[in-house]
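Here the chain labels run A, B, C, D, E, F, G, H, I and J in written order, and each chain numbers its own residues starting at 1.
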């Protein structure tokens, strides 16, 4: 499983609504409205590297109100949890 | 459950080792070595707001090789998954 | 009591008026027009973490003229004063 | 009463200890360890503008472990609370 | 006498005209069009801290063409000159 | 008269002492310890452009504890005051 | 062969389409949609320094949707591969 | 001779045209379209400090398509060449 | 084939030597010493996402003199060239 | 003739001395100590692109006291002057 952490700036007055739209996308496991200079942080989890292009520049960036994205792709994951199992549901791509 | 996304800068030549130390801490659900201007991103998940102080400035910041942290605390979580269940194991605090 | 310090950029020519609107919001204990690269700094004080979402992205960000917010949530408070007592009035949430 | 909001960067591994030292200073009403790119935020409240120099560059900046300060002085305060009364205790300067 | 140094960004094609408008304001002792990333630097000199709010967010920020201000208030003044005398004229506030 | 506004970063724990050293230099009319991300702001006033080199990179930058300077030279001055007269004393260079 | 690496910001909702337009230009050997604060990175390879002006400010910057470019020209190339041969095809300029 | 190096940001799609307009101005000795985060760099050479105000905020900033300028005025010049002679032609101001 | 563009800051006085060390690493197809605020740009090309971790935080970051890396991983590649063929040699991982 | 404008940060207390060392280098036509966040700006003029590598990362970066360089290479030159003639002397490379 490949994980990407996407820091997102949105129109300042539609943060909760845009969070809902992104969370509804396939392969988006979580979206948080957050403190700090970014408005949202989304976690995208895919099985194949190529699928990141469809989800991030392909869909997240095209949602009305998204002004900029800064994606950090995981080189490697370190966890006490079995994340694969935790997020097995819904990870078609 | 309260989630905090912690962007971390470390000594440039000990990234994997520091990731292991942070991932071993209680309430740290995942640590990723990542692309971009940060070296690691950790997800901290707690049940009570007060516990963030013990884990982030209290422990993560004190791990040798951690040079700076930029924490984004979630106001609200949006997800198709039952994250509470997925991360129920190991969340004492 | 959980405290959040919100750094706010507004339209440059309506600073005092926007400060009044924010100060009138529930759980906003103080708003300052300030020197430096931000225009206003608001202090939000709530009893439960979940209420921050309603007040900051939910209301402050939606006030006309607010262009960006950068929220710093307190991990822990250090004070010689009994802040809880000082701000007990009006903290329903 | 004149209020100054001081954003502070400290040595990353001594945040709680430095917070205690600053909170013990006269005219410092509150210190928070916070999320984001700063480590602490202190609120300084004085009766006369001249006293800011003694407290901020004069004392806070000289505490071992303080690496940089960014002070925002309030032009004007907007609040539903009687802050003067709330912080009357201990404001000699 | 309290001095504030205000760094100002203006519309790039009306720098001299905006400088004239600001220099005409009460308590503005000097305005310079300058090199660097700012367009103008104004020096505001008042007798009471409260008057800064009327002049900077109250008037300078409201002049058409002013896009952003970054104010640095003096904690303390160090000079071989008797600045009070030099700027005694016209300092009603 | 040519004016330069010099924004100065110093060692965080010797701000007042360094201000004194700079204010004692010839052609430095005022030095302020200030709020914001800079520690000091100095105003240098000379009669000939060539003298700026001796004072700023030549002397201010060489004072122990000065870490960085960002100089903004005035293109033109706008003022209701007769600044030439106000600062006539002591401007040999 | 002279290589230039061009970091490109585009309209956030037309990243793939703009990548196609740039990749079709002569002397553009590769275009990547990428993670991080830039949207695209293009590699331009020419035989003569003068040709960079036609391709980068002359054509890439003029493609609708390109908002900013930050070009890094190679001083020297270090590679185990024979890049000249690899990119011989199509390098008229 | 006083030299100013002016870093200029322009509309991204009219870089060559704007360069021509600036190069035609009196006392502008050279204009370069350049790599990096700026679009143009102009060298302005004058005999008297006061003339910088007419050329930079007075004319360069007013050319349509110029979005921002960051001027660096030379304190002192170090060169093996006799720059005065090299640029003697056309330096009326 | 997955491509990563790694922007690298090095000790300012050993740029060519560090470029040689990085270029000798497996899966590093090209290294350029470049203009701009970065010192080197390396292109890493691998067949499987997991191999990026070994090469970038695992080896490049550990080369003496490398001070920071900012990696941009390609979502998708757009090119008139058959890059796979051009870089087929030497891509074991 | 290819021109590169090199923005240079140096040790803050040895600006004039470092300027002399750089100006003595072959193909460096001018060095200025300047206002603003950089300390020096050097103009390098060469006949062949390859020579930039020897002069900038090869020599300027290796001068003791040079802390960072940000080079902007000219795509194209626009000037009323015959710069080639003006700088013909001494341009061996």
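In this section, contacts are C-beta pairs under 8 Å (C-beta built on N, C-alpha and C of every residue); 3 or more make two chains touch, one makes a residue touch a chain.
For clarity, every value in this text was computed on a predicted model and none was experimentally measured.
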More contacting C-beta pairs: G-J or H-J? The answer is H-J
Equivalent interface to I-J (more than half of contact pairs same by residue no.) among G-J, E-H or E-J is E-H
Per the C-alpha means, the centres of chain D and chain E lie apart by a whole-Å value of 26
Distance between the CA centroids of chain A and chain G (whole Å) is 28
Distance in whole angstrom between the CA centres of chain A and chain J is 45
In whole angstrom, the CA-centroid distance of chain E from chain F equals 17
Within chain A, the set of residues that touch 2 or more other chains is 16, 33, 35-37, 53, 56-57, 70-73, 75-76
In the complex, the residues of chain D that touch chain A are 35-37
In their shared complex, chain E is touched by residues of chain C numbered 12-13, 15-16, 33, 35-37, 39
Note: in the complex, chain I contacts chain G through residues 3, 5, 16, 19-20, 22-24, 28-36, 38, 41, 70-81, 83, 86-87, 89-90
Contacts from chain F onto chain H in the complex sit at residues 2, 49-50, 52-53, 56-57, 73, 75-76
Per the touch rule, the chain I residues reaching chain B in their complex are 4, 53, 56-58, 61-62, 66-73
